[in-house]
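To start, the structure under review is shown below, and the notes come after it.
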Amino acid sequence: MTKLKRKDNRKADVIRPISIQVGVIPNANGSAMVSIGRTTAIAAVYGPRELHPRRLQIANKGVLRTIYSMLPFSVDERIRPGPSRRSSEICKVTRQALEPALYLEEFPKATIDVYINILQADAGTRTAGINAASAALADAGIPMRDLVGSMAAGKIGDDIVLDLEGKEEEETDCDLPVAYMPNSKKITLLQFDGDMPPADVKKVVKLAIKGCEIMYEKQKEALRDKWVGAQKK
Amino acid sequence: MGRSAEKVIPMTVQHSYITKLLATGKRADGRTVDQFRTVTITPGVAAKAEGTARVWLGKTDVVAGVKMSIGMPFSDKPNDGVLIVGAECSPIASENFESGPPDENSIELARVVDRGIRESKAIDTEKLCITPGEKVWMVNLDLHIFNHDGNLIDACSLAAMAALQTAKLPKYDPKTETLDTMTHTDPLPVKRVPLAVSVAKIGKDLIVDPTADEEAVMDGRLTMTTTEDGNICAMQKGTAPFMFEEIEQAFDITKKKGDELRKALAAALK
Amino acid sequence: MTKLKRKDNRKADVIRPISIQVGVIPNANGSAMVSIGRTTAIAAVYGPRELHPRRLQIANKGVLRTIYSMLPFSVDERIRPGPSRRSSEICKVTRQALEPALYLEEFPKATIDVYINILQADAGTRTAGINAASAALADAGIPMRDLVGSMAAGKIGDDIVLDLEGKEEEETDCDLPVAYMPNSKKITLLQFDGDMPPADVKKVVKLAIKGCEIMYEKQKEALRDKWVGAQKK
Amino acid sequence: MGRSAEKVIPMTVQHSYITKLLATGKRADGRTVDQFRTVTITPGVAAKAEGTARVWLGKTDVVAGVKMSIGMPFSDKPNDGVLIVGAECSPIASENFESGPPDENSIELARVVDRGIRESKAIDTEKLCITPGEKVWMVNLDLHIFNHDGNLIDACSLAAMAALQTAKLPKYDPKTETLDTMTHTDPLPVKRVPLAVSVAKIGKDLIVDPTADEEAVMDGRLTMTTTEDGNICAMQKGTAPFMFEEIEQAFDITKKKGDELRKALAAALK
Amino acid sequence: MTKLKRKDNRKADVIRPISIQVGVIPNANGSAMVSIGRTTAIAAVYGPRELHPRRLQIANKGVLRTIYSMLPFSVDERIRPGPSRRSSEICKVTRQALEPALYLEEFPKATIDVYINILQADAGTRTAGINAASAALADAGIPMRDLVGSMAAGKIGDDIVLDLEGKEEEETDCDLPVAYMPNSKKITLLQFDGDMPPADVKKVVKLAIKGCEIMYEKQKEALRDKWVGAQKK
Amino acid sequence: MGRSAEKVIPMTVQHSYITKLLATGKRADGRTVDQFRTVTITPGVAAKAEGTARVWLGKTDVVAGVKMSIGMPFSDKPNDGVLIVGAECSPIASENFESGPPDENSIELARVVDRGIRESKAIDTEKLCITPGEKVWMVNLDLHIFNHDGNLIDACSLAAMAALQTAKLPKYDPKTETLDTMTHTDPLPVKRVPLAVSVAKIGKDLIVDPTADEEAVMDGRLTMTTTEDGNICAMQKGTAPFMFEEIEQAFDITKKKGDELRKALAAALK
């Protein structure tokens, strides 16, 4: 096995520089901005609020709605605003990654709306979005079973690596994003594109979980920082 | 799948019936946890397509069809033919499906099938190049549901591979740059047979090939697409969470069941 | 007049091989698959059921809705899913072809939804669809004044012929689809594209009606077969 | 036409009034069963179009406009110009019309008018070829309703033929491959004058040129498009069923009325 | 300053030939056709009527809705039917130009719908549309504070001119449409595209107001003509 | 902006509070009538764009981004690059904004910003021509709202000019006709700095930079886009009417405030 050489000289299990800030959208009930390297996601939470139209209300539980969208200039080749097949799927898996953390049964007939905007995209936008959404839900004061950390892992040559950046993602053919609730050890997002024996896939899942745990701690830090900041005032 | 399927309030009675049975290793239709319903694969169901197949998993009834045309390659893959997969959960198939543009579930269905084929390089797209950078074959693979009784991803994946394996290219005349869709020549080059197998989690149990009733009460779904050489080329978790150990179990189940389905497919196409 | 020579050696008044099967979609209240040569239509009936949204309900009668769509790979050149101008018109004339057979006044505020999918198309898809829909409505146990048989006729050279197949349809410039209820002798579908003296048009209408009567008998047979089959079990 | 027009509960009172009158051979506005309302045809109502005409049938008010452009022929008709017909039942024309993309009724309206022109080969599309297989004239014919008081198909068909017969081609410069839309040269080549005439069935009676009130109570509509030489080039039955004998009657009525309208059209364009 | 020479020999402050006719759409509650040179707008008013869907109703006032659309053949290069970005903006400014003239508070939960169709377009379609809509509202008998006259002015070379026609509009780079209620001297529409010192802009606004006053008188005339005509009958 | 912002029943209490304060020359947040909130301009917030800037006016938070590509010029301007401006009032920014295609307010926002840039010829579009009539640079300028607390037009106009002034062209290789979006070379040629300033009318007062609360009670809005040489290049009146004298006042206010903003912009980009 030759020595791993990553584009940005990171070690296999090191995440790009992370910055998380909560409370960035004053109009929202909760919000967060998450940057991981040159990928930035901004999430805002509105709700719980009454769901309209009424025919979509559920009598004994609330609804979580997640809208993921990339700004037109967030990528190399401008993308048109509006939903795409890719973003529809991400909306769905993001919602399913977050739902297990919420007590939706406490909000009958209501909706909790999470909007995720990708400001710059350099790989890992869905996981950055889930981290931002998780922190924003907590920032909104919505009761949660646990925060949800999210991170992808992959493989470069023979090496299993954490948090692929853009160039790496282009060159590898393995991408495995995970979302994870550390308290209950529940995996709430799991997708995989690649071509590998199961044994390798397992290793990648394990490394991704490690990354999720790091993102989980970073979310807690950011929430604590806001709380401490508020206390000081 | 479908709006109301997701909205449905877990039917307490049905749920406890299904889970109680499972505790004794049984299912409502008499199957074991790792048993598929009767699999029927019928190729050649639509004369105008380059390849088609209809697949029944019990009462689940889907059809896949391939149409070929000539188009431009993507600029970053000038020597490769292009695969485009679409799926339609038509209202003909269930009272829970609605008319209109593909919803989230149809899109996920198409994309999961697509990824298995794409990541495993099942189609030899380099052989579908006519003029590099200018003209390549476009493979349009369309999935359509006629009757929804659960496990649509596996049924569609199976139908897709049957349609691709039986597809033949229409005759292309490079002089006139036209297709003769009446005459078919070479088979579409298919190198591997990736098949999706979904595992449904109900309580502590992992079962395969869930019916619509079982899907209505399941706690989670995990789909893995395997190839004949034992590799995994796509995974997609749906609905509720999984534990790591459950994922490990799923590796074995999906490989074993994938091989069974590959055998059934080979027999049907013989 | 030279001797008629049809592509598939049929006589002028002979329909391609017909197969009708009812009860093909278990989830539906009624269904049927109709093949005429290499044209196949599958129809499913859902309802009578409550019509939503409510503002579309009619106080003293039910509504029949018909959605006709061709599968993308049913034709030579792939067609995109979703409604087209052609399919919109076919939905309308199909609905009007079936309505006279129903007692819609017995289902106030309700809808009966008929979905028609064309699996393979080799001319005559709208008439195949009407035959499938008629059989599916009967299979659903919805009370009917009569079944609706449907068939097109046309002209090749100087000859008036029944049931044009694909190649014939391309070469002729006369296409006249009819739907017909034999008991009351009512014509419920009549369209014509061509360029002919009225006398010839009349002859074509008459031949098409003959074809409708054949399709009518075939529908009855298929319904009887299912009934007998059910009895035997 | 329009959503509520179809939904309307047959107004029993109005229905019996209209049918009782018809039993005595009369209509609410004093016409006989086979009489059209006053027909007014005004060509040249929009300066930027290649041809236009506004047509009133009593209070029904429609306009047709032709715009010409250069485009690609269809691959199976490389030497023919292309006709594209659109119709809009704009909410300006009736409280029953709604904003939005063309509904079923607008589409049927456009397609029935289109088929009459297309099947009769009224436009000499071969003369609209510029470079075979590459460049032909596109004839965009748009129909627009200003006031809906019944019989829109006949009104639109008449306006369409008036617009086509008065249309002139913009000057095309083959060197620069540009159109000079300010300068118009040759007339659009129109060979025949197909006109749609609709027959409304009310009880036992067949009447022509129904008003909106008459359409609200009619039992069926049958449209036939005839040409000057007596041929029929399109038929479309709407709403309720017809008996064979009624269709036979309609042949005579539509031919006779078509000839009358052709005469009125010729007079208006003189 | 060289002598002004306009394409159609008009003086700087002269409007093209004007024709206004009210009551042109029998089905509407009120209507008007306005021609200014080769620009023709037809407006129809439906309402006040109940607003659907109900969630759009406002408890203590009515809603004015304006839909502006150009017929496909109204311009040199055919335009596709349906809303465009340009027409959306015109719908909005047209609505805001008319609202101040109405007593919407008298029509709670209702809507007044104004449809404006451009039959031929040779510059000045939005102002022609507003004139037609104003006259149509009056024709509908809807109580109004005042009629709304509308006209654009611009600049050709060094000259400030009223009512640019199509060729002039193409060549100038200054277009300033105004709508105006003479009784209260309120400016209800004001837009400007150009590049001029404020002093010049002021002059253009003043000239446009003069044009609005002329259109205002023409509307009154047309309404009087219909009234007198009706009296005579 | 947004559906409910327009529907809102003028909150009598808030209205009288704001107008009473204004009568004493004060505003709820302590500003004078002609004072902007704190203006923060941060360029370079998105690595993949050719130019970006985020602008805060107090709690109003917007971002503008420029992406460049190669396209066809308009046929009537064969030597000019093309500017395309879009705006999205995303639901992330306010509970009054909704998902979906751009509404009336988003469209107006984009068009007003667009017109100021276009009419002032701020971008030297002739320098964006690669091959006359065939290939020119397309400048896609997208405006996005993160938090709406009033005065979106001014904020977006400022962000737009900051993004344009900092944008650099990606490297274009005329031989391969491809863009290297990793390498940026020359700055986008910007000749002038048009900035929109909106004046809100509340009772008798004209104020600048209104908050969302002030916009909810304002009687009218008038936007003027000025350039450094004192010219006006776009105006747009919103909502309720203005008197001629008020428009005259607005000329002075918008010029003065435009110059202030231009100074702040120059400082931020130094």
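Labels for the chains are A, B, C, D, E and F, by order of writing; each one numbers its residues from 1.
What we mean here is this: a residue touches a chain if its C-beta (ideal position, glycine included) is under 8 Å from a C-beta of that chain, and two chains touch if they have at least 3 such contacts.
It should be emphasised that the depicted structure is a prediction, and the values quoted were computed from it without experimental measurement.
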### Chains touching both chain A and chain B
none
### Summary
Contact steps required, at the very least, to link chain C with chain E come to 2
## Note on the structure
Overlap of the chain E and chain F neighbour lists contains none
### Query
Comparing each of D-E, E-F or B-C with A-B, which pair has over half of its contact pairs in common by residue number?
E-F
### Query
How big is the gap, in whole Å, between where the Cα atoms of chain C centre and where those of chain F centre?
58
### Query
What whole-number Å value describes the gap between the mean CA coordinates of chain D and chain F?
48
### Query
chain A to chain E: how many Å between their CA centres?
51
### Task
Note the residues in chain B that touch 2 or more other chains, in rising order.
102
### Task
For chain A, jot down the residues that touch at least 2 other chains.
none
### Message
Chain contact topology under the given definition, line, ring, star, complete or other?
### Response
ring
### Query
In the complex formed with chain B, which residues of chain A make contact?
58-60, 85-86, 88-89, 91-93, 96, 99-100, 173, 176, 181, 184-198, 201-202, 205-206, 209
### Task
Spell out the residues on chain D that touch chain C in their complex, using ranges where they run on.
7, 9, 102, 104-105, 107-108, 110-111, 115, 118-121, 222, 227, 230-244, 247-248, 251, 255
### Task
Mind listing the chain F positions that touch chain A in their complex?
45-50, 52, 59, 61, 63, 65-67, 69, 86, 88, 90-95, 99, 101-102, 140, 142, 144, 146-149, 181
### Message
Could you list, by residue number, the parts of chain C that touch chain B in their complex?
### Response
24-28, 38, 40, 42, 44, 46, 49, 67, 69, 71-78, 81-82, 113, 115, 117, 119-122
